[in-house]
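Below you'll find a set of structures to go through.
Both of the next two complexes hold chain A, though its partner changes from chain B to chain C.
Presenting the complex of A and B:
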């Protein structure tokens, strides 16, 4: 019981911080309501997917600097395909995009495993490679996205028989995020694959000695990260309606959220709940600073500072724990 | 014990060889283990034991040789494959994942809970919670868990690497009993240990490795220890002539340069006391992992001791940083040159660095003075300057001379040499021993750990032997034969220890 509490203590703390931030948003801007929450959730959606993907590779003891570029490739593929295939076949387009995401992630992972070049170098190089690929597919913002899909992530939830004023507080985008993460992660959570991902991140040599296929597990972790990055790219295209080949600011933001979410940068420790809450904290913080008309550039300074502070506190706690 | 020849051979390895670059770690290793038999695999440091173990368990691939399991020729590509075939090791370092709990670790390697529970109880840890995170458990418990997991998978061949090293005595008893029972019920066990007492108790045979070659196979019987020790050494009584008039009469008098009392650190260094006198070369002999690494780390300021005192020239000293130790005149020459030198910089810069390292000397470098001292050190150590532009291009021996020379040039009075001749050619080695004698003759004190026992007689005045984190023997130069040192290093000097114990306690 205490172990469960300790395991989720960090996430609960983050949830409390998020509630405080939302309340202060309401205080700063009294007319912040359902539509505010909706735009917050929609803006957070690609960040949340990027963060989940990043969290998985960081848990596996790696890092993926190319995550924003993979999102860009996925976003433009989605925009181009949906334009060509029409609204009715958008489902197929989504499937192709997701497979492309898994493929790109797996290529990252395979390069790291086969060449034995450090992950940070490989994915830094792939950042430029995937960026180039995105521009090859679509050299300027364009394409289209299916209307019915856009509607899925816009507005609030409607339930028959329940007054709209109640349900509209819950944004569709948030439901989509939770549903997708649960559908992908819940069945995986108790598999040997995810256990192996934690194992190689926690102690690669011990995992190897235990007979865990370290290389294959690493490739799978990057493949999963690619899948979530593709979902993130899809979310961008759906929320803007067009494909954008230039990668957005998702790299720093996702690493910051992963760290704030309680995932150890050294690997092996953490979950997905904390990082997702952390995404909303960082987005709300940004919103509050904007509402307080603080220079938007200051927000990146704050995100960077939070990252260093959280890693430092984590390091101190780890040293305490050892004694 | 069981009839050694009764069972059929389960594992049979022949002519196994493995090279790492230019170094032949294994040349011709073989091992036969029958069912129901416990075979000890023995060898001195660097004999190739760990390489052989890694090959047998699939962590390394051999260059040549055959591994026959149950009558089939096998070549394991990974530890996972070896495990599937039934060869299951319990390594010295636990194979458990630190951030997962016990239950997840069981799930990861497909171990059922019930047999695991059974073995954990049998091995003496009855109230273990399956939700305990591995990183929160003590090392001894982890080793027991590792063994229990392996037993629960019903191995054909159980390989135990220094299984009892981190265990308290009651758990050692349990482990030995369980392992013997396993063999008696028909399982095969490879038992790697430095402890003769345990080998005599549970093992049926011992196989001895020397310089990568299997040189002998003994049935365990009373008195076999001496034969094994002789064989590990090569049976040659290598007592090199000690240079006459080595020790000045007044060396042992006066305040010692270094006075170490009851120092402990980490999990291995338990309680070490000794004096390092002025003008003395004091040898340190120990098997791998007996606490010598921690001792040198403590003395050179890399690690703080948990207990005990260190006095330098009679006044108490405490080092929080290597710079503190250096300020007191103590500097470490590590076995790995890469840890000490700036590999891409020149010989001159490397030698001059310790002289200039103090912040008070951050200003302009007194070029002429520096050049003179560097030249003097180069001259004195006969460093080959042909490739002086980048230290990494020097031979290993010359690199080691630079690491020693830089402290000589800086005027350091106490050198802590940790296996300084590892991987150095014979000629250079024989230049280093007289150099140590010469430095000692000029008043320097040298603590000299070596993994090559033959070096002790060539350089040391006295030698302390560390076993299980404690000084178990002090051997004077005239008694420092390899046999004596080896026996002491294996903890086989019960009687002599009592005679010399008076010297340890002040």
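Presenting the complex of A and C:
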């Protein structure tokens, strides 16, 4: 029990902060309820997926600056395919989008491994490339998304046989997020692949000498990040109803949430729980400031200041730990 | 693999590699000439004094902003806030000029730039935050502050100081842009500073092996703070020049130069891991990117395909560079 507590100490602290923020939201806006939670969860969904993807590559000791561009590509592919294939075949469209996401991520990873160019440079170059691809697919916002899929991430949970008042406060978008992350990450968590991802993140040379296929693992990590980025792009398209080829502000936000979530930027340490909670903290904070009718630009400053303060304190603590 | 099977006499490829390793600027200049040649083939007669003057004029702010990246990359860092700092100084100078006159406005703008540099330096040097994250964060904060600041000066209008317009748009001698009067001393100072001064050598030393440098008695935090303040100052000066060139201040004026400035330094042969790089390469890199931009505009390539080509070229050039110079 205490070991679990110690291991998840940071995540638990974040959870406490989130609860405090949600309670203060309720105090600021007394009629904040199910619909407020729902819009919060829906707004957080693309950020959460981007953050999970970013967290995986950061754990593997890399960084993916092209994550927002991959999301844009996935979003426009989804919008175009759903418009052409109709509502009934939207499931196939989703499958194609997810495969495209894995493909784009794997291309990023393969280029890093093959060219031996630093990951920052490769993903910076790919940021241009994927942004260009998104613009080629859809020159201006357009396309459509399937109605039944949009309903999937909107509104509250309804379970058969359970009174609706009991479950409807829980947003569908939140359930979708948790379910998808669990479905993808839980089976992987105990596999050799994830162990290898942590290994190359903490010490690449040691991992190589212990027989970890460093190149393949790196490609797999970027592929996984691409998968989550595609899910994020899909979430954007589903929440707005159209495809948007210009990448959103997800790169910075995802790095901020990863850092706040307790993943070491040097790689090898951290989990996915912390970053996801961190996304909700940042979103709730933004909501609170908006409800307090603070200027949205001041909100941006506060967000940036929090991110910088978190990494500064983290840096000082890490130095203390070393001495 | 190639080195293991090579005969005792060095192959021609190896010899080429060695020449390139000693003079890394040669392939860059060849690439630049090839691009200009391609441009001349596609649009005969484009290569004249006027075009060269214009290309140089637009390459200068990019090369100056890329100086921030070169200097910080030498220590293994990066300054992603440089473009935002340039935008801030450009916006501040053009909105403060009607209020307090051109020269005090420039001073205020540069103070703002240095202030952001100090914050970067504090975070990176003292708190040991990764430069990528620190400068991303300060650029976020800076953009927010700029938007709030805009609220207060919305009624004053904007005037661009004449001296900056003179520097940015006019030509004193033939087709030679006046911006060169600023850039040549600037480049000379950076080149000399990196090669001949203790500070320049400290940057290389920190990038090559920070632990060894610290053990030899260097206070690395002081060097890092000075470096990021210098980087902020350079970015601020770039902003002043750029607003003179563009003549229309906005809240995202120089932000488009962010990624190209990193690209220019990387193409120019500066290692993002630190310890290796030189400013002359960055200058050629900035010229290559500017010519490339002209080429892509000329070919009327759609925006999307331009992005793809731009990214692909950065990647290919860097990959070739890594292959040629890192034969070990």
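The rule is simple: the second predicted complex is superposed on the first by the 319 of 323 C-alpha atoms of A that agree within 3 Å, B and C clash if a C-alpha of one lies under 4 Å from a C-alpha of the other, contacts with A are read in each partner's own complex, and residues count from 1 in each chain.
Throughout what follows, a contact is a pair of C-beta atoms (placed from the backbone, for glycine too) under 8 Å apart; a residue touches a chain by one contact, two chains touch by 3 or more.
These numbers come from a predicted model, not from an experiment.
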| item | value |
| --- | --- |
| Touching partner for A:207 - first (chain B), second (chain C), both, neither | first |
| Partner chain(s) touched by A:198 [first = chain B, second = chain C, both, neither] | first |
| First (chain B), second (chain C), both or neither touched by A:307 | second |
| First, second, both or neither for A:269, with chain B first and chain C second | first |
| Which of chain B and chain C A:115 touches, first, second, both or neither | second |
| Contact breadth on chain A, by residue count: chain C or chain B | C |
| Which of chain B and chain C A:147 touches, first, second, both or neither | neither |
| Interface residues of chain A shared between complexes with chain B and chain C | none |
| Touch list for chain A against partner chain B, complex | 3, 192, 195-196, 198-199, 201-203, 205-213, 264, 268-269, 321 |
| Contacting residues of chain B [partner chain A, same complex] | 59, 78-80, 83-84, 89, 91, 93-101, 104-105, 107-109, 131, 133, 135-136 |
| In the complex with chain C, residue positions of chain A that touch it | 63, 111, 115-118, 120-122, 124-129, 131-137, 139, 252, 255-256, 259, 265-266, 295, 297-301, 303-305, 307-308, 311-316, 318-319 |
| Chain C residues within the chain A interface of the complex | 78, 123, 127-130, 132-134, 136-138, 140-141, 143-145, 147-148, 151, 259, 262-263, 266, 272-273, 302-312, 314-315, 318-319, 322-323, 326 |
